[in-house]
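Chain lettering (A, B and C) follows the sequence in which the chains are written, and residue indices restart at 1 in each chain.
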Amino acid sequence: MNDDRALLQVRNLKTHFHTEDGLVRAVDGVNFRIRPAECFALVGESGCGKSVTAFSILRLIPCPPGQIADGQILFEGRDLLTLSGSRMRQVRGGQIGMIFQEPMSSLNPVYTVGWQIVEAIRLHRRLGGAAARKLAIELLAQVGISAPAQRIDEYPHQLSGGMRQRVMIAIALAGQPKLLIADEPTTALDVTIQAQILELIQGLQRGRDLSVMLITHDLAVVAEVADTVAVMYASKLAELTDVRRLFADPLHPYTQGLFRSIPRLGQKADRLQTIPGNVPSPLAFPSGCKFHPRCPIGHDLPRCRAEEPWLREVAPGHWAACWECPGYQTAPQTDPSEPPSATISPTPARDAPTAPAPAAGPREHA
Amino acid sequence: MGRYLLRRLGYSALTIFGVMVITFLLFRVVAGDISAAWLGTKPTLQQRSEWRHRHGYDKPLLVNVHDRLVIRDLTDGENPLSVSDEGAGLGSSALALVLSAATDESGPIRQQLLGSYIRGLRTDAPIERLTEGRPLIAPARALPADTQSVETQPAGTPPGDTQPAEAQPGPAGEPQPPAMVLKLSDGSHFRIDLCGVTTVGEFLNRLNAQPDRLHASISGCTIGRTFDSQFFQHLWRSISFQSRSLETNKTLVQIIRERGPYSLAISVPGLGMEWLLALVIASFVAYYRGSWLDHVGVLASVIGMCVPFLAFMMYGQWLMFELNPRHAYGVYHRVNLYVPITILVISGLGGLVRFYRTVILDETNRDYVRTAAAKGVSLPRILFVHVLRNCMLPILTNLVLAIPFLILGNLLLESFFGVPGLGDLMITSIGNRDEPVLNALVFLTALIYTLGILVTDLLYSLMDPRIRLH
Amino acid sequence: MVEPYRHPATQPPASPAKQAEAGPGRSLWGDAAAKLRRDRVAMICLAVIAVYALVGLGAFVYDLLAGYGFLGLQPFAQMTDYRSSNQGPSWSHWLGTDWAGRDVLFKTVLGVKVSLTVGLMSNLIAVPLGMLLGALAGFYGRRTDAVITWLYSTLSSIPGIILLIALKFAFQELSVWGLDLRGITGVYLALAVVSWIGTCRLVRAETLKLRELDYVLAARAGGRGGLGILIHHIFPNVFHLGIISFSLGFVGAISAEVILSYLGLGVEVGQTSWGTMINSARMDLVAGRWWELTSAVTAMFILVLALNLFGDRLRDALDPRLRNV
């Protein structure tokens, strides 16, 4: 990972939904970056906004209720949010591909698998009839489907769940994208198939120099394949670092709580400790830090109740958003969506003794 | 696939049978006796019986396990056998005898008089069984010893002598004894005194007093005649389309040939344009979902749905009347059909657009649409290639199930605009209680509808690859 | 490594944490009612329907009183006044008079009563009947289901209006339990026969689903008999379908009655309804007399519109999945 240029930079992304019950701030200031050939995992419980983040990148948010209210999504330097409709369509599938959670309903039931792959090929590569079909068969082979020349003319309902997901991957890769977004790709599959699909994704990533953004709620999956992990809670990022460091030393209380609730080999415990309470409804977020009502540390600390923390680099390459996190008060205000400079130590200009950040709310731009 | 087809055909046959049962119940059982409507103000019992017999309404309802009183004319003359009353006029009416031309087993066609269908008629049954409880005679009174109970004309009376015998005058103040006079086909008369008759057997004896000219008997029920009932006649007529109109006496096939084209001339263009226009508008509205176009479209279709059809019809005709009165009614010119067709289209658009829009929008919420968008497919292509293909099924179903309306759905339009189609016929046959026609039309509609459902099921399995490999 | 911690709730009471959930749990009905209350269109429609209901009630009371001659009120049948027939709208007759001199506004008001009663009565018979048969068919399955399905497939293969006409034709000679079926009572019955099918289908489909749910299986495992399950588990969960069917059927009944009365198969001869008004005003338009037709049509339009819109919102509030219905 010598190449520190960012493939994708998400800056201060805010996606809101106007519902009849009020304004839902599903994503409220999210910053991160994905490097080329990196596997980036976005982890969180259901409802935290991780899928919405992924959809926002490809601008697949339905626009009457939804709206990308603020932020920038820089893909290879260009802000996707400013692109015209037709250019964005070229990005979708051609530069960024996406696969979804439910492979059965995500494939059109009335067209053959081959037809759907060829459609993607025709959109992004200048290939006609026979050549496109040949490529489609090749793609099916690459995603591990046996007898691809027969399978290509089958319908989605004739394939198993694992095979359908492979077809989805083939469709997503047909346009030779540089980034593949995978929204919970294995959640709807059996455990054994899960492992196969993950292996496939990993293999494809290495073979094609592809970046993968993996959305999941399963820490085990993250441990398997991810390089960098971002933990999301209630529309914001709580922690962001590489996978080893996250598992070795989680800093945010939420992440710690997640790890406490997973059984570990060699651990002796009578019962798993859960995080008390429930994920807050986006219509009624708590004041201050959104996690504070459930936080063992901050639930009655005045600062946690009043002010909302944001991501700061509390250790080299390790960002967390928690007032009580060690190193937070002195952390430099680096932007996790910016590629780090060549040295990994904080730059001298920022190494000043701290006064608490004057702004009461989160500040996003470095 | 073949087995599926067979199963569906079997179920359809069961449904059609059910329809026949329902139409039978409605038009024969519940509706009761319609002879009064056809015979004017004061039909006599005998006239009614004759009419009912002619049209098969006197048969037993379900199965024929009934007996009948039969009086056969053996004189082999030219004139029709008939019966009349003298005296109190209760004889033949009470017996409700009707004429029938019948072949008997030994060959030549003879004429006979038939009584009502009665279960378990036996010679020792009281005479009230034959007369449906109506008293046939005055209370039996003792006759003078020298009066014969039956008087007949001499056998040699020349034909043409139509003098009925004089009624026996009874003691003053008492009702005259009832008597029946049978006028045989050779012109002679046969008077039967019904005084003192208390059982069917006695009546038969009096009738059989001259066995060389008349033969009266009870026709027992036979296995062969078990299915000679109204129900089976109804079944047969329904399936073979052999009903005849009571009014015009035309068969159903003739009627359809005469009136069908008019109905089709309105329905086919009307419904076709309606569907196409609705699909186009609905796609348009769904494409611009959320915008003002969508809201206007939805509002317009809701309003269109809520305006009563009668209003469309009447204001439409009035409009045409203002423009060109000659084209507002009747069918003497092709242009006259444009008005009902237009009204059909406009009145139906509201509901259809709403329905199609819902179907299309529901499909656009499906996951595969998201996948197609993520692939970079353009919005028009998503709508027309991906979504519409999936919508075809409910839309086609809706279409096929409206086919019966091609024939009969425009009742109101046809009658209002004077188009002599099948719908108009249905309305007039309600008014004049033309039961066979009404019955046949309802059955026809149900038949076409059931076939339509069958066709829809087949279409489903053809069009939806998920169902194809059954 | 992370040490176990003590949850604040197990400690001596600290500051009360704000409830993570927004508001207490609400039932289907509470939710639906709240949603509807917020919906302006639905509330306006409800108001319109309430106005119609009041008017209808007033007409009903009038009929009742006039029938007994109270307060010197005239029953409708006697209100003819041929001297002032076919007059246009004026101060004495706001909507004009008909061919027999009767006040059109009054006729329209009477029509409100007829329409509302038809909608009410026919659905009061049809919906419970449909629910019962649907639940039985869905729950007991097999033969019961086969018979009931055959019954409604057969009935529904005759198009509605035609079946109505056929039923009314059949009823013309009939009187059942002393009820004269030639008039409006026959309309109630005929409409009920035609509309129970829709409810039955809905309830049957839902019952089939409910039957397989875990809590039903648990109840059966716990020894509850069929009837008990039907009453306690199935029925409460299909009740909202009954409401939805009622709202759909109400509008359908009104339209059907108008058409039947127009054809002369609806109300009895002396009575009036919007259908008979439209029928008697059939040829009036071309003669320039628009008031009777327009008044009946407009009154019907507004009622049907309000019912449709309200019914839509109601259906959305109770079960958005049924938007296709």
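Keep this in mind: a contact is a pair of C-beta atoms (placed from the backbone, for glycine too) under 8 Å apart; a residue touches a chain by one contact, two chains touch by 3 or more.
Quick caveat, the model's predicted, so the values are computed rather than measured.
Colleague: Most central chain by CA mean?
Modeller: When every chain is reduced to its C-alpha mean, the one closest to the whole-protein mean is C.
Colleague: Averaging each chain's C-alpha atoms to get its centre, pick out the one most distant from chain A.
Modeller: Comparing chain centres, B lies farthest from chain A.
Colleague: From the mean C-alpha coordinate of chain B to that of chain C, what's the distance rounded to whole Å?
Modeller: From the centre of chain B to the centre of chain C is 32 Å.
Colleague: With chain centres taken as the means of their Cα atoms, state the distance from chain A to chain C in Å.
Modeller: 50
Colleague: Once you find the CA centre of chain A and the CA centre of chain B, what distance in Å lies between them?
Modeller: About 70 Å separates the centre of chain A from that of chain B.
Colleague: Residues of chain B touching chain C in their complex?
Modeller: It is residues 14-16, 18-19, 21-23, 25-27, 30-33, 302-303, 305-311, 314-315, 317-318, 321, 358-359, 362, 404-405, 408-409, 411-412, 416, 426-427, 430-431, 433, 438, 441-442, 445-446, 449-450, 453 of chain B that touch chain C.
Colleague: Mind pulling up the chain B residues that touch chain A in the complex?
Modeller: 289-290, 366-368, 370-378, 386, 389-390, 463-466, 469
Colleague: Enumerate the contact residues on chain A facing chain B in the complex.
Modeller: Spelled out, the residues of chain A in touch with chain B are 58, 60, 63-64, 86, 89-94, 97-98, 100, 102, 105-111, 119-120, 123-124, 155, 157-158, 168, 171-172, 175.
Colleague: Write out the stretch or stretches of chain C touching chain B in their complex.
Modeller: 150-151, 153-155, 157-159, 161-163, 165-167, 169-174, 255, 258-259, 262-265, 278, 282, 285-286, 293, 297, 300-301, 304-305, 308-309, 323-324
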